[in-house]
Every structure is written in structure tokens, then in C-alpha cells.
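Shared chain: subunit A. Partners: subunit B in the first complex, subunit C in the second.
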Partner chain A sequence: MSLQGPWAVLSAPGLLFAALGLAALSMPFMTLSANRIVAGDGVLAWRVADPSATLPGLAAIVAGLMLGLPSGRTRLHLAGAVLGLGGVLWVLMQGASALLDGAGDYARVSPSVGFWFLLVVLMLLMADALAAMTPRPLLRAAFLAAALVATAAILSSGALSDLSVMQEYAGRRDAFRSEFLRHLGLAFGSLAAATIIGFPLGILCHRRSRLRNATLPVLSFLQTIPSLAMFGLMIPILGWVGTTVPGAQAIGIAGIGFAPAFVALLLYSLLPVVGNTAAGLASAPAAAIEAARGMGMTPRQRLMRVELPLGLPIVLTGLRIVLVQNIGLAVIAGLIGGGGFGTFVFQGLNQTATDLILLGALPTVVLALVAAIVMDILVELARPTQTVTQ
Partner chain B sequence: MKVGTVLRPALVALLLALILRPEWFTPVFAPLAPEGGPVIYERTSLLSLSLSHLGIVAAASAAATVVAVTLAILVTRPAGAAFRPLSRSIANMGQTFPPVAVLALAVPVLGFGAGPTLVALFLYGLLPIFENAIAGLTTLPPATMEAARGIGLSRWQRLIRVELPLALPVTLTGIRLSVIIALGTATIGSTVAARTLGEVIIAGLLTNNTAFVLQGGLIVGLFAMLIYDAMVQIELRLARRMGL
Partner chain C sequence: MIEIDRITKVYDGAKAVDAVSMTVETGTITVIVGTSGSGKTTLLRMINRLEEPTSGEVRINGESTLSVKPHILRRRIGYVIQGHGLFPHHTVARNIGAVPRLLNWPREKIEARVDELLTLFSMDPAQFRDRYPAELSGGQQQRVGVARALASRPDLLLMDEPFGALDPIIRARAQDDLRHIQQRLGSTILLVTHDMEEAIRLGDRVAVMDGGRLVQHATPAELIARPASAFVADMVGNVERPLRLLSLIPVSEAVEDGPAEGEPLPAGSSLRDALSACLWTGRTAVPIHRDGTSAGRVTLDAIRARAGLHE
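Showing the complex of A and B:
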């Protein structure tokens, strides 16, 4: 409906992607700097290495963008996106080693604006194609697994190890591992604690509307408190608990570190868990409840066999919100000694070392995206009927 | 409601006192400060930090509102329909990006200062407003739209007089979400040298001065609660006026 006349054979988003992609090619693709702190000089995509080395990659990028042009050919769009991403990766690999050649011992190369822009454009082309194909949940899971395996293979192959962010990683391999586990511990641990507390509370809220009217506004006010303030406010509170309650210090409760971060995340998690549990249980159709009552089910049986199964997608949506939110908020823990990827982000900000910031921020973004996609798949699988037509 | 009528002025008074007369609270905060250390943050005036904080949030949210509503109008017109699925998936995926990561990633591109904070707040603020504006513009009651067409309103008149007013409550909810996220992210903005109230909290964290942390945290938290509450009240009043 968008393009008319002879232009109708072209996809409007495809045209936009091609234009943006070609514009991105005219921006600096990589940056070469003398060391890890100073600002570097941008290098255009076709200058990062010998033309004979970059040409196949550039051709793949342009061809990939062109494959996105024909209207309605979603599989072709997907193939174009994969081809283009391959091209971007090729140019990056060629450039990383060629630019460092003879540039000095402390020289660093990093991807620049052009690279990130092309990456975003091609990912959008892919997302647009995948959205149009509406793959079933299991196929989506397969796509995600394939993308993750490919990323892991590329990173572990060492083809990109000349990049500055990978050098930051190489120097912190062990720290990265432990901060990664700490980040997961914060995000999933607080999710588990919030579920243990929030799920029964949600069931109670569903049963007693007075409790519900008293609880939910308080929880939503808690959620408005800015994260840094919340993490900060936990420090005196838990510090006090640590020094006054006997035995609290022995299990690691102190004003600084893991405990305040964990409690802050837990408080943020309660609203989605409690609210969505109550909403999910309330979503069972009146006829189904009536039928269950007619069959002589006790309230407990009704809850387990009717209300919970029917409300499961909404309950899981609450957990999705919590998980994605906590993965992001756990970054703040880095400021109060709670560990996680935030440690790298704030160290990087202090040292103005861009690539150290990236080492913390990029895995966080990937983790949040993967969590969102996986939870979306679970929500869809939990729907009582697989054929949801809306 | 009755709780609100007492609590609201009390919280506003507390907030104003914390900002304008911080020295009144010396006895309260003194036990939390390190021995011999300063109890009340005096490096810069809390008022100017508050104004700068609110200014950054207001500027970013206003820009995000204008751009997001414009984009939502465009993709809900027939000519922009091809972009709707794409814009939806961008909004969905974009909201999984942690605000802190957006802020951190803006620094390499824009350097330190208020710039990256403004850009991060603006970009992140677009998504909830855009999503809600689309929801508002695509769930208009068909009978009303038919009536608007029937009385001979042009497409432009329908947009201005019928569609946008009807979509306003839902859009406002999006703006509220976005303002609250912006308030929180701006606090973290002080780690990239933006002048916000986060400065007080960070100063406290760096010098192990819990009094500073509590001061900054209370001010920012009160601001967030009161702004959230005010926006909810506006939404309720609007919904009541529209007879919803």
C-alpha cells in the first residue's frame, strides 16, 4: 500500500535499509588509536585493509542490502541480512589485523560508527524478515540457538582477537567469568526470591481485593524510585541490619556489596510478579470458574487446575518483565561493590576506556535480548491453544 | 484518596526542606556520616542540581514526546503502514536494552557531559511513548471514526479533533513511563559527568559517606514519587472528563 506504480515491486523498509546502509558505508568503519585511552582516527570501510582483502566483504554488504529490496520476498530479505552480516564481519576481520600492522605496540583498533550503524541496519532487516515470517515458537528457539552458536564460534575462533574490546577481555578472562556469574546470580537470584515471595502474595491479592488495593499502589511507588537512589538507600538499611541482627553478617549481609544490590532488585521485582499473578488468576473466564464450581472442585483445586493454567501466560509475562529489568538494573550493582558487568562499565567510565565500557555493556545487552526472546517463546508455549489468531 | 490529601503536601514540604534547607536535617543524618566528615552535601547547591536534573529530564522527554507521537501518527497512516511491523519490533527489542547500557554506549560516541545523557534519555524515552501512542491510535472505536467521517471531517480534521484526543490518555501513560525512566537514568547520568542529583549519591558512595547517599536518594526518590503521582492524577482527571 505504501509504494505505488512501478515502485510497488520494491519494499519500502527495504529501500530505507539500503539507503541507510549505503550511508553507513561512507562513515568511519573502524578506529585506530595509539593506546586504549586516547581518541583515535576513523578509517573508512574500503581503507581498513588492502582493497583485494576488503572487496569481497564490501560486495557482500552491498549485495545483502540489495536483496532486501524486492517487495514481499521475506526469505530473500533474511538471506540478504545474513549475507550482509557476513560481509561486515569479513571487513572487520581483515581490518583488525591490517590496521594493527606496524602501528605500534600499544595501538588499538575498534569498530566505529559505520560498523555499528551497518550492524543495526542489517539486524533490523533480519528482524523485519523474521517478523513477517511469524515462525512458530520452536523454530524461533532454533534461530536463536543458531545465532548464539555462530556468535560464540566467531568469538572463540580468535578471528576478532585483535580488536580492542577483545584485548580488554583477554586481560580479564577470569574477572569476566566471575562477574558474568555474579550478574546472573543477581538477576536470577532476585527473580527467584521475588517469585517465592510474590507468587503467594499475588494469589492472596487475587482472593482479597482489600489486600490487593493496599499492596499494588505501594509496590508501584517502589518501582518509581530511581535505581541509583534505591541501591543507595539499601546501603544504610542493610548496614544497620548487618551490625544489629546477630548472625546477619555471617551470611553476608552488609551495607556494601551483594546484599544491598540483591534486595534493591528484589523490591523492583515484586510489582510485576504480584501484579501479573493477580491479573493472570483473574483472567480465567467466569464460565470456566462456574463450571469448575459446578463440578464440585474445592477452591484449591480450582486454583491449581483452572485459574493457574489459564493465567500462566500472564504470570510468565510478569517474570519476563522482571528478568529483563533485573539484567539491566544489575549493572548499577557495579557502583556499590555488588559486582556484575557493571563493574567493567563503571571502571571503563572512570578510566575513559571505551572498550572496557563495551566489555560490560555489550554482554548485558545481549543477555537482556536473549532473556526477552526466550521468555517470549515460553509465554507463547504456555498459551492454552497454539493457534492464536488476532 | 484521603491518605493522599494529607500525605501529598507533607511529602512536598519534606522535599522542599531537603533541597532548600538541608542544614535542618543535620541531626538526622549526622549518625550516618563518617566521623569528622561533612554531614550535609555542600559542594554545589542542591537547588541547582535539582533544576539541572529536572531540566535534562524535561528536555529529553519533551523531544521524545514530539518525535514519538509524530512517528506514531506516520505509521498509522495508510502511507506508512509498511513500516508498522518494523517499528513495532524496534520498540519491543529496544525496550529490552537496559537504560544504563544505552547511557554507557552513548559515551564512546558523544563523550562525557550532559550530551550523552540527553541523547540516551531521548532515545530510550521514545519507545514507551511510541508504543502507547500506536496503541491509542489503532484502538479507536470504529463507530466514532465512522461518525467523524459521516459529518464530513477531512483526514486532517479527524486526526486533530478525534484521533489524537481519543488517544491522549493512553499516550499520557507512555509519557509517564518514559519520564520516570528518564528521572532514574538521569541520576546515573552523573557517572558520565552530567550535572544531576546522582552527583550527591555518587559522592557519598566514593567517600563512604552514607549521609550523602541518603540525602541524594531521598530527594530523587521523592521527586520520582511526586511526579509519578501528579501524572497519574492528570490521567485520571482526563479519563473522567472523557467519560471513560
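Showing the complex of A and C:
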């Protein structure tokens, strides 16, 4: 995408981001409400606090959006995105304390549509700049680590502790920690179990096309069951197992709780793991396989030295799909007592407390994003030859 | 010595290879030539048991190939395929060292062997050892493929259309290289091709296959002079037979004393080259030089006398 004539000095995406960003500034930036349940009133960005307090932040947002404009200056775009995000954060910090001042003991402030819109626009600007810089995998990992450290530092500094979602957190510190661990346990545990079962199954499917033709349709069918129905189905099935199989209850198998959620996630995970393992192994060039046989490799040596290394990026892509999918799906475990961030989401839904829903939803989104980026880096590192010059 | 003894392969009732017997002497190149579907590749693949014979057997130096496990057998037999089949995720050195590694050679011995082979194929080890196959030209990939097959000093080298993916100029050079390396190492080679030109150029003996049967197994000169059937004559190309015959005879066999005008030919040329020089420059004789000094001449009459069967 490039502009013509005198406009060519401007970056087309940059123009779009600037227009959207300025439009976002005209929407309510924060919401002030009398308590955590009722709907609040929107407040524009320059009204959230005294102008002398918000002005630096607003200036940084506008300047950041403008830095995204010049064509082909990716470092400048990146700097603009960082500056803009800093400005958004500044206005949010100023607004949180200023709005609460004298608003009553139960009053709550939350980021509103303008904030989220600006956040998305500036992150898109950043993503666009980073994509154009095509950083090497390790540099990308460093960027990710820096972003996570910065986020953690801001959250733990207390600068945002006046926000409603942080107040929900403050009352549930211990629960948050244990549900976080539970969520990780569900997502990574089911991934590990799916790998232990699905990886050998994928290898067998690669070796025997009849097994493949029988297995993959069944796994595809499991994938089509809607997630709510799947979690619901697990209740009677595992409930029956728990009450009839001796010892099952002792290891925690029951109709509700961790076990049915875990099994449901596992079933969803099998298709990507088995399918991608089989597809990855089949992706090795036919001539290389023929040469491997012809030089006297045993089937096992062929698998370990040729098929697996060449198919590893595709196998890892399968694990990436599973991990991101399970982090999202694990939210539904909250519905059947399986724990995880879903617990907050469903509590929030029951109490119509939007910020409690966010306390469950936001960490889930961040977790899924981080998992996707980390897995992408691993997939790239697994590529057999990184420099191909023909 | 490789003895192929009444070997047969039946697919779904049809005989792909039908009771083929032939003997390959140690240190020679035998080229199996035929049209597609003639069974030539199946015959080759039964020797290292990538295909199991329906009946019959192959003996290498008197020992039946059926007496060892297939993967052990294959480690003793080099195998080169069309499109080289190099491992794209391994460096040149790891590709060449693949079979020695399967045989658990010590690391220093493998490294020394890799460098030795790269040098033999005129590729500087320091420059090429750590490259990946995708970073090589087609001709270099093909050479690495042959070097890999030779790495463990196999009893026998099987080559299935090894030059099929190369363009004509690179192919001619690869054929010359193979000849030189085979003469230096004394390797025994069985090579499959559909190209009679390649068969005549490379083969000490040529085996012609048709419909799963071996129709003639002879030296190239014999094949051209006395084709066993109309099919063989067709493969050789009736019109070109005199030229093919001349291309097999070095000028040194027809050289005589006497003067001749014009540009001399080296003594390693063939009579076909000499004929070509005569016709192109309108001479009736060309001078022959050996190591820069005159070694006599070859006349058009002498060439004519060798260009066919004049009984």
C-alpha cells in the first residue's frame, strides 16, 4: 500500500492509524459510576482531570500518532507507538485518582471505549512497525520480555490501583493467584497430555494410512462439538465414571471440577496434535526419504534424523494452535467448577459486575497473546535451514 | 563381482522384471538402459532390496543379498537417485558423512573422509563443508549426492538416473567426472538411464531392457555393430550408428605417419571428432599431436574404414 504524488511522503497505514486515533480521542476515555454494579457516565480524555495534568498525556498521544505518519520510517513509527502508549497510560493514571476525588466511597472508575480504541490503534501501529523491521527470533523474544516487564512494573507500582478492575483484584489477590495457576494447569496440562497421546498417534497415522483414515475423521468430529456442549457432556460421563469405577473419586474424577474440564480440553487438542504430526512427517521431500532408505537407515533412524527434524515446524504449529485454543477455552471450565480465570468471568456475569469479568478476561487475552508469540518464535527457530540463498 | 541370477519381480500378476540374469565385473560401469516401464529401475532397486524380488537372487562377491538384513546390506551399497535426495536440514559435511555415521565411524575419520571426497569432486572443503544443500548449484548438489554414496567405500554403487535433473552442459561434465572418479577409485557401478547416448558414453557394458526382459548385454561397440533385435537397433538409432561407433574409437587406433595441414587434434580425441574436423575445414586428413609434438595424422579414408561393418 503506497500513496501517490505529494502524498507519497506519508505512510498509508500511518494516516489510517492517526485518523482512527484522533477519532478515538473524541469518545469517552473513562467511565465514572456510583458503585461497581450500575452503569456509569463517560468522560472525555481532556475532562478526566485538571487540564494541566492531562495535557502532557494528550500531547504525547497526538505526537505519537503523528510520528506514525512519515512513510518508510519504521523506527520512528515504533517510537511514536511507545510515546502514544505512554500518553494513554499517563491520562489513565491522572484520571483514575482525579475522578474518584469526592465521588463517594463506592464510586468506581474504569477505562472506557476511547481508551480501548486508542490502545488497539497504538498497538497496531507498533505491530506494523515491528513487522516491517522483521526482527530475528531472539530479538523478538527480547521485545516481548521488555513489554511484559514494563506491564508488570506499571501494575505493581500502584499507579493504576484506583481503577475498578484493580480494586476487584485487590479484594481477590489470593484467589487470583490460585485461579491463574489453575488456568495454566488446565491449558498446559491438557497440552502435555494431548502431546503424550497425540504425538505417537500422529507417527502411527503417518506410517499406516488406514489408521489415519479412521482416526482423523473421529478427531475432526470431536472438534465440531460446541465447547459449551462438550463441557456439559463431560458432567454426566465423568460423573458416572466417578461413582462406578473404584478409586476414580479418590484421584479427583467427578462430574464437575478439574477432571471434566481437563478431559474436554484434551479432546479438543487431539486433532491439531495428531493432524499436524502426521502432516509434518509427510512434509519431508520424497527424494530425501528415498535416499534415507537407500543408504540403510532403519525406520526409526529415518524418523529421528530426517522426518522429524524436517516436520518439526509443522508439529510445533499444531502445538501452538492447541495452546492458544486451550487458554481461551479454559475460561469455560469456570462454568463447571473447573477453576481458572473463567471463575471471575462467570462470577462477574452473575453479579453484572463488568470489571470482575475483565479481571478474568484480560489476563486470558494477554496469556493467549504471549503464548502465540512465544510459539511463533519456537516454530521459526525449528526451521531446518534459516538462510536459504538460491 | 555382482551376479544377478534369474531375478523376477511380479506386481499384481504382471512381470515387471522377468528372469533377468547378468554378471557385473568388479571395477566396471554397467549401464542399464530402457524405455520407461521396461523394469530397469525395479531391477536396480532389487539389488539393494528397496524392492524384494519375487524369485531369484543377487550375489555380491559370492554372498547372497538375502543373507543379511536389508538396512545392513544397503549401508554397503552406495545409492544415488535423480534429484540427489540430499537432506535439506543437514550441511554438506553431514550429508556426506551420513553412512559413515550409521556405521559408527569415529568422528575424526568421518571428517577426514568428507574433506577427501570434497577435494576429489573439486569442491574446496573449507568453502563447502558447512553449506546447506539449498546454497549449492544443481551440479554441486549432484556431486555431493555422489560423494555421499561413495563415503563408506561401498562394494557397489547404484545410480538411478543420476544426471536426469541436470542441464546438458552440466550433465556432460558430471558424466566425465564420474568416469574419472570411477577409474581412480576402481568402483563398481550399475547405472540406470533412458538415454542411450549416456549409456554408450559411460558404460563398459550396456544392458538393454525391454518389457521386463534383458534383451542384450554387451559392450557399446558390439551393441552398435550387432544389435540383437529391432528394438535395440531402434534404441541405438540406425541413422547415427556410424557416428556412435566412431565416437567410441580413439584417434590413436587409426593414426598413421605422414603430413597433414591445419589445426591439430589431441591424441585423446575420438574418430568422430576427427571426422568432424575434416568435414568442417574441407581437409582429407588432420594432424594428431601428443603432448604438444606431432604424432602423425588421421585420414578421411582411415576414418571411413572404421565407420561401419565392411566385411
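Note that the second predicted complex is superposed on the first by the 385 of 390 C-alpha atoms of A that agree within 3 Å, B and C clash if a C-alpha of one lies under 4 Å from a C-alpha of the other, contacts with A are read in each partner's own complex, and residues count from 1 in each chain.
Just so it is clear, a contact is a pair of C-beta atoms (placed from the backbone, for glycine too) under 8 Å apart; a residue touches a chain by one contact, two chains touch by 3 or more.
Please read these numbers as outputs of a predicted model, since none were measured by experiment.
Student: In the overlay, answer first, second, both or neither for which of subunit B and subunit C A:96 touches.
Tutor: A:96 contacts neither subunit B nor subunit C.
Student: For A:265, is the partner it touches subunit B (first), subunit C (second), both, or none of the two (neither)?
Tutor: After superposing on A, A:265 lies clear of both subunit B and subunit C.
Student: Once the structures are superposed on A, label A:69 by its partner contacts, choosing first (subunit B), second (subunit C), both or neither.
Tutor: In the superposition, A:69 touches no partner, neither subunit B nor subunit C.
Student: Answer with first, second, both or neither: which of subunit B and subunit C does A:306 touch in the superposed model?
Tutor: Touch status of A:306: second partner only.
Student: Pick one for A:296: touches subunit B only (first), subunit C only (second), both, or neither.
Tutor: So A:296 only meets subunit C here.
Student: Check the residue A:288 against both partner chains and state whether it touches subunit B (first), subunit C (second), both, or neither.
Tutor: In the superposition, A:288 contacts subunit C only.
Student: Have a look and say if subunit B or subunit C is in touch with more residues of subunit A.
Tutor: For subunit A, the partner with the higher number of touched residues is B.
Student: Could you tell me which stretches of subunit A are touched by subunit B in one complex and by subunit C in the other?
Tutor: none
Student: What does subunit A use to touch subunit B in their complex?
Tutor: 1-3, 11-13, 16, 113, 124, 127-128, 131-132, 221, 224-230, 232-233, 235-236, 239, 255, 324, 327-329, 331-332, 335-336, 342, 345-346, 348-349, 352, 354, 357-358, 360-361, 364-365, 368-369, 371-372
Student: Would you tell me which residues of subunit B are touching subunit A in their complex?
Tutor: Within the complex, subunit B touches subunit A at residues 32, 78-83, 85-86, 88-90, 93, 96-101, 104-105, 107-109, 112, 180, 183-184, 187-188, 191-192, 198, 201-202, 204-205, 210, 213-214, 216-218, 220-221, 224-225, 228.
Student: Could you list, by residue number, the parts of subunit C that touch subunit A in their complex?
Tutor: Subunit C reaches subunit A through residues 48, 50, 70-76, 79, 81-89, 98-99, 102, 132, 134-135, 145, 148-149, 158.
Student: Hey, which residues of subunit A end up touching subunit C in the complex?
Tutor: Touching subunit C from subunit A are residues 285, 287-288, 290-298, 301, 305-306, 309-310, 384-385, 387-390.
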